[in-house]
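Below are structures written as structure tokens.
Across the two complexes that follow, chain A remains constant while its partner is chain B and subsequently chain C.
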Partner chain A sequence: MSEIKKLVNDKLKVADELLDGLVEAYDGECKRVGTRSIVRSDIPDGKVALLVGGGSGHEPIYHGLVGRNLADGAACGDIFAAPSPDIVFEATQAVNRGNGVLYLYGNYAGDVMNFDMGAELAEEEGIDVRTVLIWDDACSAAPDNKKDRRGVAGLVPIVKLAGAASQGAKTLDELVATAKKAVLQTRSVGVSMSPGSIPATGNPTFEIEEDKIGLGMGIHGEPGVKEIPMTTADELTPMMLDLVFEDFEKDEEVEALKKGDEIIFFVNSLGSTTMMECLICLRKAKEILDAKGIVVYDTIVGPLVTCQEMAGISFSITRLDGELKKLWDMPCESVCYSKMEG
Partner chain B sequence: MAKENLSAEEVKAMLLHVADRIIEAEPELTDADRNLGDGDHGLGMQRGMNAVKEKLEGADFESVDKAFGAAGMAMISSMGGASGAIFGTVFRSGGKALAGKENFGAEELAQLLQAAVEGVMERGGAKPGDKTMIDALHPAAEKGKEVAGGPLVEALDAVAAAAEAGKEASKAMVATMGRAKTLGERSVGHPDAGAVSISIILRAMHEYVAS
Partner chain C sequence: MSEIKKLVNDKLKVADELLDGLVEAYDGECKRVGTRSIVRSDIPDGKVALLVGGGSGHEPIYHGLVGRNLADGAACGDIFAAPSPDIVFEATQAVNRGNGVLYLYGNYAGDVMNFDMGAELAEEEGIDVRTVLIWDDACSAAPDNKKDRRGVAGLVPIVKLAGAASQGAKTLDELVATAKKAVLQTRSVGVSMSPGSIPATGNPTFEIEEDKIGLGMGIHGEPGVKEIPMTTADELTPMMLDLVFEDFEKDEEVEALKKGDEIIFFVNSLGSTTMMECLICLRKAKEILDAKGIVVYDTIVGPLVTCQEMAGISFSITRLDGELKKLWDMPCESVCYSKMEG
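Take a look at the complex of A and B:
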């Protein structure tokens, strides 16, 4: 395979240079702090703060989710690697307004260890920190084994909801409860068709046969849990949706998805899969959801949780209740995701 | 002639040799991780060891634990990722067990390895058999206790060999931690990249002492 053409400079400074560019894209709404964090410029005093973060290379998440009515800051790791405890601590100090900080991020071993060490540093400084892990990937472990589940594209609706909740939250506990509910009601299933590449080496993140699809891929390019023959959008879409439905059914902590349920439906491209393909899959998915009487309250579509030029797609479903629906309606603005008034 | 009872200055020189060896091994580590993870282990270790060199070169340490601790903090701060937390903890926790010691011999090696295993298991939650770097570090620590009474050069040769055997044994294991766990049975046949790193680190320590 010929080397992928990539516009980078020093291959070991990719994460730093992209963050400089991200700050520019925010036109003054956000600033860079510490080693490699980005925070909102005007966080009000006394606000319960929301901090996200993780490895870089998956833009526009995670740092692109910092914004109005979204996250207050992001601790940014190097490409595909968790931010160091120092970075997490610097970001925590920068977003803290005296009323506690929620860490909301995907469940990966490296992130958990580093965020935990960062939290230890923050607690030594008297900052109240709580953690809610995102584990929406239904294919990464059984429903009764959530500690082994990865966080994938579902983090976009989850951070949107938690960001809205953080605006009015009186206490850190209140925000923790809402964030946990959003996580509990969100499930994702993804597929991979071809790998992304590591910017520093040009190597592919994994290998897959040309005529195969990896079911249950991870956003870091972890190979899928099962390989199936390449197929059409209309054949693949019901297979993926069935896995989401099945997971809601099997999970004893949530009710099965049923007629009348209102959901956020998110079709995500992993990078090189085009908007055209996402829309074709969305069309089929909507037909299936309609037939089941599941109401799509709002749709998100596009490449928001990516892994370089990886080809693949994921579906995420977040079930709303009255509280979450109200939070969803709040407008928001960021580089990754924005929602208009009304 | 082999070195014995290293001074803090010699421990620093040993850690600089370890850093060079890991930096050289980047392609091997990247390749090992690509089979099971996302292939970033080699670059992370390379970055961490460059930070170790930056921090250690020109620094003076009053006791051996300070040199190990500085290396650990340099890795944690510069690397991030699971590797930064885990490999930084190896040197940081290991160093703490040697607080105030002015020399590093086989007895200190045993203490360092034992504290490192305990620190990493507490931080990461892995245990022997999970196909992680613990599968190289744990047998090395066990061997370290057996050889604590002998010369340092022999002790390091023995613990490096134990780590290498552990790395080889990790090929047959099914991954249950980290990103490789989703592969399940398909992880069999490849060694854990972290176990490869531990083997290289201990072998480099032996090379320095033997030289």
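Take a look at the complex of A and C:
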């Protein structure tokens, strides 16, 4: 296959140029600070701040989740790379309003290392920092080994909930508790059919046979459960959902999903997989959820957590309780995800 | 290139199955009616109704624009095909609340023929129907020959504005006037780099050389201005914007874009072109608009008007006046486009 045509300029500057574009997309609501961060322009004094971040190249996340009733800022890495400790520190200073900063991001070794170093720098300046890791990918490690789990598409509902909670949170502890609950109640399973390409080189992010589909594969092509023959939407959907159900069952920290549970159901495209395909899978998934008596409180569908033009989808389930439902109802607006009240 | 892997079932039933999924995405807010239409569940009595529609396969449009403060319903064709007159008629009956129905859709011959026949059937039943065609593609015919212009991505801001107007419109005439104004003030220019594929056959929707980019090409690969060598984001962006500016200038029905004008600026991905690329182009576009003193009131960016996994982007500009600005500020929610108040 020949190299994918991409509309870029200097291939080594894409992370910076896209961030400039992202700031423009916010029409004055956000500004760029430091080396490579984006923060809201109007964070009120005393607000418990919410900082997200991670590697670039997965747009509209992570930095596209900065917004109204969402994250206050994002520390942005280069393409597929963690933000440096300096970037994390600069972003922390920029969002800090004296009442603490929550770091909420996907569990990747490089990100953890750099965010932790950024936190140390911030704490030296007297800024109170806490970290909640997102590890929703059910296929990346066993439920009793969450420190080895990756963060994938579940971060969208998790950041939405934490962003809403951060608007009224009186203390950093309060926000940490809600974010932890949202993480604990969220699981994702993804599949991939073809790779994205690395902007700097044009090389594919992984390889997969023409007639295969990677079940449980990560967003950069990390190994998953197994490769299976390419199949139909209606055959794949129950396989993916079963992995999610199984994980809730096996995990001793949460209850199994059961009749009457209310959830957010998120069908994510990893890039070039069409909304048509997402909707066809959603149709089948809804049939299965209905049969189990699991109530979908709200549905998200779209290419929100991507890896360039990678083909694949993921399902994420977030179980809601009364507190999370109220937070879900709050309107929000960002480049990645927006909703009206209710 | 081998056939793209798509997550579907029966390749001839994708339009129906995706519509079932779309209904599920609305969590009870919308229902499927007749052969292949989707309508809101709670259209109030006496509301002037707004009906959109067109071929499937371009998701999240057209049917994804049914929503809160947006369209009341959509008549959906098969993949890349106009809805039949019966479907249009069924959708019209389902959205009609006794105060008239506006048909607002892209100017394609098949759609015009079938919507017109649907309107005749509706009028025989005493339903008052008016049509406003969307012809925003500046590259598809000269400004004095709008009947030959195609409707492309500009339909998103146009339907957003008409949907807002339809909430308070007292008469069908009033809604027609606002929709016409939104159409008159909207222009788009698109480029394509590689085709999508037809779900039923796997065949590409058009052909283009590896090192070329189709300037002004339509969303199905209709011929545009010319093919140019593949170039950078910063070289392509001014070329595309110049075509938009030129069209406003040459068109005797509107004023040229000038300093102080307020606009909605929409960067659309035609499918697999990444948000990263859209943002890099937005960055350059904003620089050019700023230099001209044109004020971006709000920015939209994302893959909202697609043709399967086609690579390419389009820019759309909608000039606002006081009335349209107020309508823009109204919150809205749908699978295609959502925003908070203000």
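Criterion: the second predicted complex is superposed on the first by the 340 of 342 C-alpha atoms of A that agree within 3 Å, B and C clash if a C-alpha of one lies under 4 Å from a C-alpha of the other, contacts with A are read in each partner's own complex, and residues count from 1 in each chain.
One rule holds for everything that comes next: contacts are C-beta pairs under 8 Å (C-beta built on N, C-alpha and C of every residue); 3 or more make two chains touch, one makes a residue touch a chain.
Owing to the predicted nature of the structure, the values given are computational and were not obtained by experimental measurement.
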item: Partner chain(s) touched by A:59 [first = chain B, second = chain C, both, neither]; value: second
item: Superposition-derived comparison: chain B or chain C, residues of chain A touched; value: C
item: First (chain B), second (chain C), both or neither touched by A:34; value: neither
item: First, second, both or neither for A:276, with chain B first and chain C second; value: second
item: Touching partner for A:214 - first (chain B), second (chain C), both, neither; value: neither
item: Touched partner set for A:332, first chain B, second chain C, both or neither; value: second
item: Touched partner set for A:297, first chain B, second chain C, both or neither; value: second
item: Contact residues of chain A, present in both the chain B and the chain C interface; value: none
item: Touch list for chain A against partner chain B, complex; value: 12, 55, 77-87, 108-110, 113-114, 117, 139-140, 148, 150, 198, 200-201, 203, 205-206, 216, 218, 220-225
item: Of all residues in chain B, those that touch chain A in their complex; value: 30, 34, 37-40, 43-44, 47, 76-86, 123-124, 177-184, 186
item: Chain A-facing residues of chain C, complex; value: 1-2, 4-9, 14, 17-22, 24-27, 56-57, 59-60, 64, 68, 193-194, 199, 210, 213, 230, 232-234, 236, 271-283, 286, 296-299, 301-303, 306, 308-309, 311, 313, 331-333, 335, 338-341
